[in-house]
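Each of the next two complexes has subunit A plus one other chain: subunit B in the first, subunit C in the second.
Moving on to the complex of A and B:
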């Protein structure tokens, strides 16, 4: 068991190290994040001013921008799980991977976690610098960082399972990029990427909160700006239930998919 | 004058032939093509839903209502869709320059840049174009003058998108591979042009009408449609024309610095 875990730990470490070699590239791509944060700041500054409010939902303007730093960092750090899996299925690389003495889905999971941790770290750092310049450090607390760190691994696992399911679609579909786009936008909208759950209309708030997407983006980001142990407990429970449900789906689809793999020598 | 007109008609024939060919190639993978078009439509629809949610809570943002933002999204999507469904190859310019793969395009007895532009098409951009026209027709319910103006403006916006992409792509002649930079610049253009223009002011507004022409693909078309005014339309086309002249100059001036990749290549 421990030997098996160590194997996957090394896979994650290798993926992280590989990505560290491209720190400059990831940081350069974060310029786009800086542009987005500036636009959000303008939009929300005007919205707060027009509403004559110091807080919208339970967030001040500074907290709102830091919330957006966290949500964007989570969203933009996503590795290309579905695209890579799609390619592995189409090119037949999958058959070679299956021969290895490790679980293919777990290999993909740990590889994605290693890659994502580096990408998230860099994106979050760039976003934090931009937010510091734009609104200053006002609402940040140590518990906020700790609760974010506690919620992120499960958020990343849950998101991975979603992307892996999309990638598995390559066994049946000519092209999975369309499904991928819809999944990404579902995370964006229902996950609270641009607007916190508190500001959703009351009629749809319960539906959106019940969906697993809010546990990926909104949950960890809200804990970051509004640390609360009870909320962390609720979030971890939601994440746990969603991970179990998604794992069953992945297992079921994977079992069906593997039966469709035909390998030839050569 | 007649010579130039004949040349233009000749080019239109070439562009139509490429379109037919590229569309047939896309339809070879019919399921993939349809799913990409539908997915892009849905993708854009998610943004409109976001703005509807936003405006449900905050009905007006500095004079802009949900109707204005939907118009903004519609004209952007329609222009972007037209630009990249027919001139998708514009996004490959940095790649072709950096890898020395312009050679095969230079061998044709055609003007290089316009021929290069029609080389490939994008299925997802078709989804954008359909979305733009459908959303404007369905949500805004325009009268005939507004709809005609919308169609006209969508071509002006497409001109700005294509010109901007040529300009950014041509920087590869001077700076090496600018694929990532090009993606970011296009992303920034779309990002700035799909938010209410009234939230920007000062120096940023100046940038949005010069280096990053988001004002020409967002603010001015939306203003023209709101006021049914022709002056912003002329400004959109004038902006597009100036930008296309600058882009063409930068491309052909840069071409003198181009180095072949000595690559053997077959194009079917």
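Moving on to the complex of A and C:
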């Protein structure tokens, strides 16, 4: 068991180190994040002014910008799980991993976690610097950071399972990019990337909150600016249930898919 | 004891043909009831034209693919049922797919593989140091893989696949894209490992040089069936039935006309002849050559294996070709 955990931990470590080779790319994304955060600040400043409110959805303007730093960092750090898996299936690269004493889905999971930890770290750091300059450190609290760190691993695992399921579609579909686009936009819109759940219309709020996407983006980001232990408990429960459900789906689809592995390369 | 055994192994795929409502499914036979055995420590070349079923067979033997029917065992294990257990005892190199981490040095991949295969710290260090020395990896061990030449990368690939001391090594076109020197280095290393460590090697390649240098036995597969199974030297002898004779003279020789002998190349004082040994015996040809003029030097060579393979492929593609599977004696 320990030996098994150790091999996956090393895979995550290798993936993290590999991603340090892409610091330039992550930095370039971060410049984009800086511009995005400035635009959001302008938009929300006008929204707060127009509605004569100091708080919207129980968040101040400062908290709103820090909320967006967290949501954008989560969203922008997503590794290309579905695209890579799609390629591995089509080119037969999958074979290289299947001849090793490893679980292929677990290999992919730990690889994605290693990659995402580096990407999230860099993006969040740059986003924090920009937010500090734009609105100052007002809503930052130690519990906020701790609760974010507690919720993030499960959010990343859940997100991975979603993307992995999309990638497995390559065993049946000619092109998975359409399904991928739907999944990405679902995370973006129903996950609360741009607007916290509290500001959603009452008619759709219960539906969106029941979907797993809010546990990936909104949940951890809201805990960061609005730390609450009871909310953490609820979030972990939702994440746990969603992870169990997605894991069963991945296991079922993978069992079917592995029988469809074709020999590539004559 | 046999390292690999196959008995009537078959793999079929269902493919969709046509488009729209007229779309139909058809069954394609990739591997057609093949049977063969490979004893422990033997090196075998598994060759055939593109689409012959080589990779499909190798992927079934490594547990990646499930067969449609038939039986196979590798080191006493059924590959597709005991994939994880078997993975500790086999190594595989897919020439066109790297197992090394592209942005990290080979040393990092070695460290990871030590954990993946649960190799103890001391065993790992000993094994790694031996591979570094034997494969000459020291000079680029800490250089990112993306900065290595293809030859260096393939040396590191094969060393990585031997790190856990496998008993069987599957090499799927390991020399593809390599230059002549890198090819030769790699062949020598695999061949040496086969001889000294008793490693069983199953090699697929389109390069006759690989087959000659690494394998003692050759299995030719086409349309999913084994069409030839014999020793490399026997194939060379049996399949062309010809020799290449190179002759240098002290003086300009008289014209040579012998049935079954073709002049491949000729200059004033030298000529290269291809002798069909089924029509003309070598001693008779040499006798005639000596009569043609004073000989300064004479060499007798086998024809290149490329020609033999091309000849086998062309024969097995003929519709009236009678299947000829020659068992090893």
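One rule holds for everything that comes next: the second predicted complex is superposed on the first by the 262 of 266 C-alpha atoms of A that agree within 3 Å, B and C clash if a C-alpha of one lies under 4 Å from a C-alpha of the other, contacts with A are read in each partner's own complex, and residues count from 1 in each chain.
The criterion applied here is as follows: a contact is a pair of C-beta atoms (placed from the backbone, for glycine too) under 8 Å apart; a residue touches a chain by one contact, two chains touch by 3 or more.
What you see is a predicted model; the values in this text were computed from it and never measured.
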| item | value |
| --- | --- |
| Subunit B versus subunit C as contact partner of A:188, first or second or both or neither | first |
| Touched partner set for A:109, first subunit B, second subunit C, both or neither | neither |
| First, second, both or neither for A:170, with subunit B first and subunit C second | neither |
| Partner chain(s) touched by A:100 [first = subunit B, second = subunit C, both, neither] | second |
| Touched partner set for A:122, first subunit B, second subunit C, both or neither | neither |
| Subunit B contact footprint on subunit A (complex, rising order) | 25, 28-29, 31-32, 35-36, 39, 42-43, 46-47, 50-51, 173-175, 177-179, 181-182, 185-186, 188-189, 194-195, 199-201, 204 |
| Contact footprint of subunit C on subunit A as seen in their complex | 3, 6-7, 10-11, 14, 17-18, 21-22, 91-96, 98-102, 259, 261-266 |
| Contact footprint of subunit A on subunit C as seen in their complex | 13, 30, 50-52, 54-56, 59, 62-66, 83-85, 87-88, 90, 92, 94, 96-99, 101-104, 108-109, 111-112, 115-118, 144, 172-173 |
| Partner subunit A, residues of subunit B touching it in the complex | 29, 31-32, 35-36, 38-40, 42-43, 46, 49-50, 53-54, 56-58, 60-62, 124, 180, 184, 187-188, 191-192, 195-196, 198-200 |
